[in-house]
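Read from first to last, the chains carry the letters A, B and C; within each, the first residue is number 1.
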Amino acid sequence: MDEQEKPISLVLFSGTDDKLSAAAVLAVGAAAMGRPVNVFLQYYALDAFRSGKVTADHALSAEATIAQAPVIRAHPGLHWSELFKQAKDVGEVNIQACALSMEMFHLKQADLDPMVDGIEGVAAFMASASDGQVVFI
Amino acid sequence: MDEQEKPISLVLFSGTDDKLSAAAVLAVGAAAMGRPVNVFLQYYALDAFRSGKVTADHALSAEATIAQAPVIRAHPGLHWSELFKQAKDVGEVNIQACALSMEMFHLKQADLDPMVDGIEGVAAFMASASDGQVVFI
Amino acid sequence: MDEQEKPISLVLFSGTDDKLSAAAVLAVGAAAMGRPVNVFLQYYALDAFRSGKVTADHALSAEATIAQAPVIRAHPGLHWSELFKQAKDVGEVNIQACALSMEMFHLKQADLDPMVDGIEGVAAFMASASDGQVVFI
């Protein structure tokens, strides 16, 4: 396998807007380089991808100070959900909800934003990650 | 080396029950696929593996909202410590305490849960991670 | 490429002293083993590398308890900024500021500590990460 074709797999755990933005930027960057991108949504990140809640305010990480928060919020630029859509448009980006987290939050796929492609267990995710990079955010 | 045999190495930094559960699920998934799993315990994660404290309440991430926290806590399922034990039963899972964090918390191996296999420095950890995946949680 | 020569790439997002210390220890360990290390500074981590602010108090993760915090703070040992300098002295360690985060915080390279080597976009970072490990901290 050509090294550039190895997937990058993002395990999204955190559901704050700053971490989701950082993740989306990595996804767009990798997709633009022609690399397959797997996204696996767990816990708070899964909750942030609920239908109708994507563009809601998901707060910032607890470490954001009173000085930093308004500067981060004032930054123009695409919302992380738009960046993920852009990544899907330009490349091979597959977004899967973690089956265990779906069960935990009593969710069905119809409850999720349409950009989520499906639901899978951790074994399927690990298989798709293959020997590429795995990043936990 | 067969690609499937490359290790996955989890650097556990966070000691909250949600992140430890997410880590344990990845460990079980990788172990079930026959992959070697290295776990390196630092900071708050090391503190959570203290003997007699493993099943104590280690709180949730600061981002858990008042709506999310009770749903996460109500989810039945094995405790993360049981998942790590299960991972050790089915596969090659090695749990090491970071020597620097041991020193920081004035701990000896006898202070840790028996599922911790030993104490090692970062150089030994990096050597065991080899060219496999490294995930920081 | 020899496996040991593959880079390890650290995406630093968090700017708390505990996470920056954990990251610095990984950087020193990898550099000492002769591995190239790429550091990509985003969000709060970038803010922590501002000139004159590096050794300021950047707090601990929100999960630090009242019992843990004084123990962590009392631990002697090199400051994370000294560890990064040491890593640069012993190995091939390249520290880049994320262009998007620079823009968000209205920073220029002159505003950053001299140990930051430059500014780059996510595509350049992903290219330098190649097929090595990528760790998000």
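The rule is simple: a contact is a pair of C-beta atoms (placed from the backbone, for glycine too) under 8 Å apart; a residue touches a chain by one contact, two chains touch by 3 or more.
Since we're looking at a predicted model, the values are computed, not measured.
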Interface residue overlap between copies chain B and chain C, same or different (over half shared): different
Between chain A and its twin chain B, rotation from the CA superposition, multiple of 5 degrees: 120
Inter-chain centre distance, chain B versus chain C - centres from mean C-alpha coordinates, in Å: 23
For chain A, residues contacting two or more additional chains: 61-62, 133, 135-136
Interface residues, chain C side, partner chain A - complex: 11, 13-16, 42-44, 47, 59, 61-62, 100, 103-106, 121-123, 125-127, 129-131, 133-136
For the chain B and chain A complex, residues of the former touching the latter: 3-4, 6, 8, 18-19, 22, 25-26, 28-30, 32-33, 35, 61-64, 68, 71-72, 75, 77, 132-133, 135-137
